[in-house]
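Next up: some structures, all given as structure tokens.
Shared between the two complexes below is chain A, which has chain B as its partner in the first and chain C in the second.
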Partner chain A sequence: MLRFVLRRLGVMVLTALVLTFVVFYLTNLPPNLEKLARSEGSVRMTDAAVASWIIDNGHGGSVFYRYAEWLGVAPGWVLTDDKGVTRGLCIRQNDDPALAPTFCGIFQGNWGFSTVFKKPVLYSLGKSMAATGWLMLAVMVVMVPVALLIGVLAGMREGSRTDRVLSTFSIASSATPEYVSGVILVALFASPATGLSPLLSGWGWIGGKTLFLGTATSAMDNITFWNFALPVATIALYGVGYIARMTRASMTEVMTQQYIRTARLKGVAFRDVVLRHALRNAMIAPFTVIMLQFPYLLNGVVITETLFNYKGFGWMLVTAAGNNDIEMLLGASVVAVIFVLATQLISDIGYVFLNPRIRLS
Partner chain B sequence: MPDTLSWTMIFALMAKQFWPVWVALVVTFVLSIRFKRKLGLYGKLFDSPVGMVGFAIVMFWVFTALFADMIVTFDPLAQLGSVKNPLPGSPTPAGADGQYPWFLLGGDHLARDVFSRMVEGARQVLVIAPAATTFAFLVGITLGLPAGYFGGKLDTVLSFMANLVLAFPVILLFYLLVTPEIRNTGIPVYLAAILFLIPILFFVVLLNSRFHTNPPKRNLYVGVTLVLGLWAYSGLAFNRDPLGVWGMAPNLLNVFVSVVFVNAPTVFRIVRGIVMDIKSRDYVAAGQTRGEQAWYIMLWEILPNARGPLIVDYCLRIGYTTILLGTLGFFGLGVTPESPDWGSTINAGRKLLSMIPHPAVVPALALMSLVLGLNLLADGLREESMKD
Partner chain C sequence: MTTAWDPSKPILEIEHLSISFFTRLREIPAVMDFSCKVMPGESMGLVGESGCGKSTVALAVMRDLGKNGRIVAGSIKFKGRELVKMDDEELRGIRGSEIAMIYQEPMASLNPAMKIGAQLAEVPMIHQGMGKEEAWKLARQIVADVRLPDPDRILNAFPHQLSGGQQQRIVIAMALMSKPALLILDEPTTALDVTVEAGIVDLVKDLGHKYGTSMLFISHNLGLIMDVCDRLCVMYSGEAVETGNVVQVFDEMRHPYTQALFRSIPLPGADKNTRPLISIPGNFPLPHERPQGCNFGPRCDYFEKGRCDAADIPMSDIPKGDRHASRCLKWAEIDWNAPPAARVVKQKSPIGRVVLKMEDLKKYYSISSGAFGGGTAKVVKANETLSFEAHEGETLAIVGESGCGKSTFAKVLMGLETATSGSIMLFDENVQSTPIQKRNVDTVSSVQMVFQNPFDTLNPSMNVGRQIIRALEVFHYGKSDEERTNRMLELLDVVKLPRAFADRMPRQLSGGQKQRVGIARAFAGGAKVVVADEPVSALDVSVQAAVTDLLMDIQRENKTTLLFISHDLSIVRYLSDRVLVMYLGHVVETGTTDQVFNPPYHPYTEALLSAVPVADTKVIRKRIVLEGDIPSAVNPPPGCPFQTRCRWKSQVPNGLCDREMPPVRNLAEGHQIKCHLSDDILAQMEPVIKMAAE
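Entry: the complex of A and B
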């Protein structure tokens, strides 16, 4: 077991290094650096000035070396200009260059400075991840029980009317990406012109103009049911269908097993067969699916946060990418990549623990 | 000036506008049900109600894309008058001179007809999504077959690379790969050069392994494939077709390559899994004992027996690709601003979503119905292919 985990960890570290290098390479392409030079320096710089700005600010030289610098395994660049002022990656403004550390990459906790948010990357990252954490937590709390319930109910009697109805629902929900369900939910519940809200406010049932709020910006400070329900529903709806279908497939398979038939023939009530005998065995596959659903959740989070203007991780990623905020984007990708890899690892290990039939070679 | 339409009238007029689609659908269904016993898996689809509903929805959009020019009421790019966001069913300002007198589903913020844009959007989506999925499948199959069949180092390397792409959050990849800056560096063209070469390789190996015992026939087939393939390759990947038939706009190539790149690893994993299962069967062992070549066994014995799950996944994956394309449009990546594709129309409409929902809701429902149709179709196909 330990060797298995160690090997997986090794592959994971290698994957993370390769992926962050790809991100580093793609964000530090010459056109991006030129754009950075013009936005940080001046818009009217000549091409020669841009080229020298790039070199003066440590963006020249081999991309591999710069990647190592950024990681913190190679010494950060130090340059002394004509006026005798020494600047460098590790030298803060007004600090003595002699006292500055040699290495300062993300390993040393130096994630850089965001050019858009004008704050250190780590600070912005932490704040936005906390916001997204709440969103994801709410989504999980809603999505997982609903999906498992639908899957178990549909799968316990294959082919019944309940099964047909619930299966159609799960197919429909997995056909509705977040940007579609979000738009429809807002039009139905959060528009003063269409959907339910004009009716309800006409009858005097709701105080405000709309039932739910169409933006989740206020949820940054204070999460309430009315500003958080729509974003959560938007993300959950897409995931529910997939998890429910996997649960159903696993449940129908378990229900055809010999031991279920034996239990039925012994006279155990159907309820007890489902709850005691079938459920535990049917939950192995959905566990993996739920863990592997996290990366897709990340996708949904980006779309939903953009749609509802909720300033979390996804919104920040989009803003950073749209404004050529290289260090912010790199920081966000590190988090995203580690997040995806960690969920994969947990799902693998969890699967092995849950299913004693799997032997590790 | 004509009156504003009621919703009943709007739906009636839309149904009338779609007449070529209804005719084509009826013809397709009558012929298919008549001859369903002779049509293999496709015919069996008409035994499953779910599959039929799905097929009907998908074909509705396919025919809409085909007959788009007959269905649209206006030029999808034309700006009609100065009233912003006219409501569904409201009359157009220039109703007199032979033009269509109403905005059937309203207009958007530039007073362009939402209905016509939705119809034209179907054409855009239904060209790119199936084509990109097909390429992803060819790439996934070409790499997945040897990985599953030979195993060993090849499998380790290819699987590691597939897992690399899969561990990348899709949105991040899109934001990095689909930008105007990256087009200047030429990375999409290099990627296209590699990805588009694989289908040619696939067909050459496919035909060569089958006909290599009969050189004249082999030379003919492989030659034709090479000429056609390299011709299309020069146009699609490098935009240097000498005859100017094949070509792709740079931003479209960028989108296409990224979507293939994201989808291919999943197909690779599926194919590899199926091959590892099938290669232990007796007929594969029999083929090996007969001294058949590895590629013949893979392409002509294993692949046909893996078609069931692959066809089902193909349908699902077209739906997923449609969603991905919508995501790209939603973030305004890689599309021209006036493009009528569904993702970017939703994006354009969402700014005024809570006040004037119709410009965003119409393409949203269109996209959802197409993906739903594809999912139902896949479900029907799975059910019917399991019955064998």
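Entry: the complex of A and C
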């Protein structure tokens, strides 16, 4: 078991290196650097000035070397300009160049400085990750039990009325992307002009103008049911349909297996057939799907956070990408890659526990 | 629970039971007017070909016919209580506690994600409300009862960690957990090897006696029925056609179908040339296309128009019989002892020159033990020093249980795998290390294969004619499409299929017909050597005879060398000229059919022969049940591969069997065995199968 985890961790590190290099390469393409030079230096710089700015700020030279610098495995660049001022990747302003460390990449904890947020990348990243973490947690807590329940109820008696009703619901919800369901939810519950809110407020049942809040900005400081329900519902709705469909398929298949017949003919009551015999076997396939949902949540988060103006990871990613904030994007990609790989590792380990037929030596 | 029930009354009484399956199109009757009685302690056999409704009857007793199945008429009484009208609650009380079932595929019928112990203990916990600890204790005792070694380890194992035979013992243990009054066994040994089957059959019989359990034993194997049952009921196309006690039905059958069935199975004494099998003409009727009157009418030799097809035929009792009854109008008129009319004596084909010669063939596979490619590499010795010759026009049978390396051998010969060392000489050409992609068309077309499962080996989206023509194209036969089409039609004639079948899709064909297409395809390029890998084991007995006869006929005409791979010794005795017995990759005995089937035997051959059930009351068979399972080929025992299960091992001095691989010995001209036993002990061996003096 330990050897398996170690081997998987090794593979993870390799994958992370490859993926971050791809992101590094793409964000450091010459046009991006030119844009960076013009936004950081001056918009009216000449082409020659842009070229020298790029070199002066350590963006020249081989992309591999710069990647190594960024990682912190190659010595950071040091330049002394005409005025005798020495600047470098690892030299902070007003510091003595002689005392600065040689290496300063992400390994040393130096993730760079965000040009948009005017703060160190690590700080902004931490804050937005925390916000998104709460959102994801809420989504998972709502989505997984609901989806499994729907899937199992639908799958245990294939073709029954319960099955058809629940299947229709899950197909509909998995066919509605977040940018559609989000808008619909806002219109229904959080608009003072349409949907339920004007009615409820007319009857005097709610104090404010809307039932739910259409924006989740206030949830950054204080999460309440009224400001958090809609973003959570928007993300969960799509996932519920998808996971429920997978669970149902797996459950119907298990229910036709011979060992279910064996259990039935042993005299086991239907409830126990489902709970004791079918459930664990039916969970094997959806478990992988649920774990795959985590990386997918990062996607959903981008749309939903923008829609509800919730300043989490997704919102930050959109802002950073829109403003050519290279170091921020790189930092975000590192976090995303590690997150995806870690959930896959957990998924593989959990799979082994669910399925006794697979045993890791 | 059990209200007063008189133990002299039948434990199970089925009367005029009819079951139908309902589809959107129509009602499909699966079982019609079925009656039978099982007395306490009695075991009743249900015999018939696939689709005759025997499993449906069993599931009806369990009241588990699925959503589409329904009992439309009749009654099933268990201990005098009507099962047909019971509600779910009452049924649950009976299932597993008073009636238990044992299934065909043990692996599929055990829950893969539950420990064996938990699955066993569940039964008394549900029915007797037993505590968990006590239930596990009982489970441990029953596991020991079904003769499984190391019960504690087994209780904590998952099903996939056990072998097929062990799994079936667990299923049996599960059925016995609450000492049921009736045990239903649905083809319990079909998925197992013969030597394992023998052990299971013994176990079932002993436990039946020990607990006084009545049994309903479903099988297509008449020999097995004779071993286990007191009475039997022969079913055909949804109806019981004959019922009675086993000896009476076997010796004095009173229904033409029973008679035809016995004539189509290879019993000792049958011979492909002088006493060939007689297959039942025609096909099994589909459930919605059953004929008027007698269902067997269109295939019956004694059919009388206007009488047999007039109205439904009831069961009629046969006087002087022991509850013997037959569903035949003419049973009193037919001369049951008359020899079959259509017995064609065939010429034995001469055996020609050597076509195929294998010398010291070895095939090793290396596998790694780690789940992700790491770990130490192990070697599986699938074939060890295989040497033999096959002649033109000869049938060479290769016999052995699963895992003995017979299929690996076929793959190597076909070129699907290349041998590790040794040589394969095909018409003086060494093909040992030439994979099939690199063999020339001549070689490929002259070595062909007939596969085990005709259901999976035909392309489902291509019609029959096209598939045969495709084979002809691959073998570069003929110059034009027209020529190939003609050849294809000829081939259909050869395999006795109507020419109209060329346009049919595989799904429209029955199993036997599909296998004929497979044979036509194999012979399309004028194959000289045909490897038939269990060609009839997936088919019903009446069809088996027809397909084997077809193979024999084609062989006679084309002087083909047939390598017949099989685990079924009765069919091997019937059709082969020479036999090769394999065990764990080694050839342990080889010789002509007479030499191998008569003493002196290799101890493994002896056990194998005694394990095969024979459906003949006049045959006396010595029971030798092998202990344990076949050792794994990854980790074979030292010395003789068979020493772990050999009953003669004590006769060899100095523990030679544990240490040394026995050398190949010549016992007679062409008869070789690999065994340490001395000549005088071999000479003392008695024949396993004897005909009782008449």
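Throughout what follows, the second predicted complex is superposed on the first by the 351 of 361 C-alpha atoms of A that agree within 3 Å, B and C clash if a C-alpha of one lies under 4 Å from a C-alpha of the other, contacts with A are read in each partner's own complex, and residues count from 1 in each chain.
What we mean here is this: a residue touches a chain if its C-beta (ideal position, glycine included) is under 8 Å from a C-beta of that chain, and two chains touch if they have at least 3 such contacts.
All figures in this text were calculated on a predicted structure; none of them were measured in a lab.
S.K.: Just checking: does A:L354 make contact with chain B only, chain C only, both, or neither of them? Give me first, second, both or neither.
M.R.: A:L354 contacts chain C only, not chain B.
S.K.: Is the number of chain A residues in contact higher for chain B or for chain C?
M.R.: In the superposed model, B touches more residues of chain A.
S.K.: Name the contact category of A:L26: first (chain B only), second (chain C only), both, or neither.
M.R.: first
S.K.: In the superposed arrangement, which partner chain does A:A321 touch: chain B (first), chain C (second), both, or neither?
M.R.: After superposing on A, A:A321 lies in contact with chain B but is clear of chain C.
S.K.: One more residue to check, A:S333. First (chain B), second (chain C), both or neither?
M.R.: first
S.K.: If we count contacts the way the header does, which residues on chain A are in touch with chain C in the complex?
M.R.: 3-4, 7, 159, 257-259, 261-269, 276-277, 280-281, 284, 354-361
S.K.: In their complex, what parts of chain C are in touch with chain A?
M.R.: 62, 64, 67, 92-97, 100-101, 103, 105, 108-114, 122-123, 126-127, 158, 160, 171, 174, 369-372, 374-375
S.K.: Spell out the part of chain B that touches chain A in their complex, as residue ranges.
M.R.: By the definition above, chain B touches chain A via 50, 160, 163-164, 167-172, 175-177, 181-182, 184-185, 187, 319, 323, 326-327, 330-331, 343, 346-347, 349-350, 353-357, 360-361, 364-365, 367-368, 371-372, 374-376, 379.
S.K.: Mind listing the chain A positions that touch chain B in their complex?
M.R.: By the definition above, chain A touches chain B via 11, 15, 18-19, 22-23, 26-27, 29-32, 35, 167-168, 171-172, 174-177, 179-180, 183-184, 186-187, 190-195, 210, 214, 295, 298-299, 302-303, 306-307, 314, 317-318, 321, 329, 332-333, 336-337, 340-341, 344.
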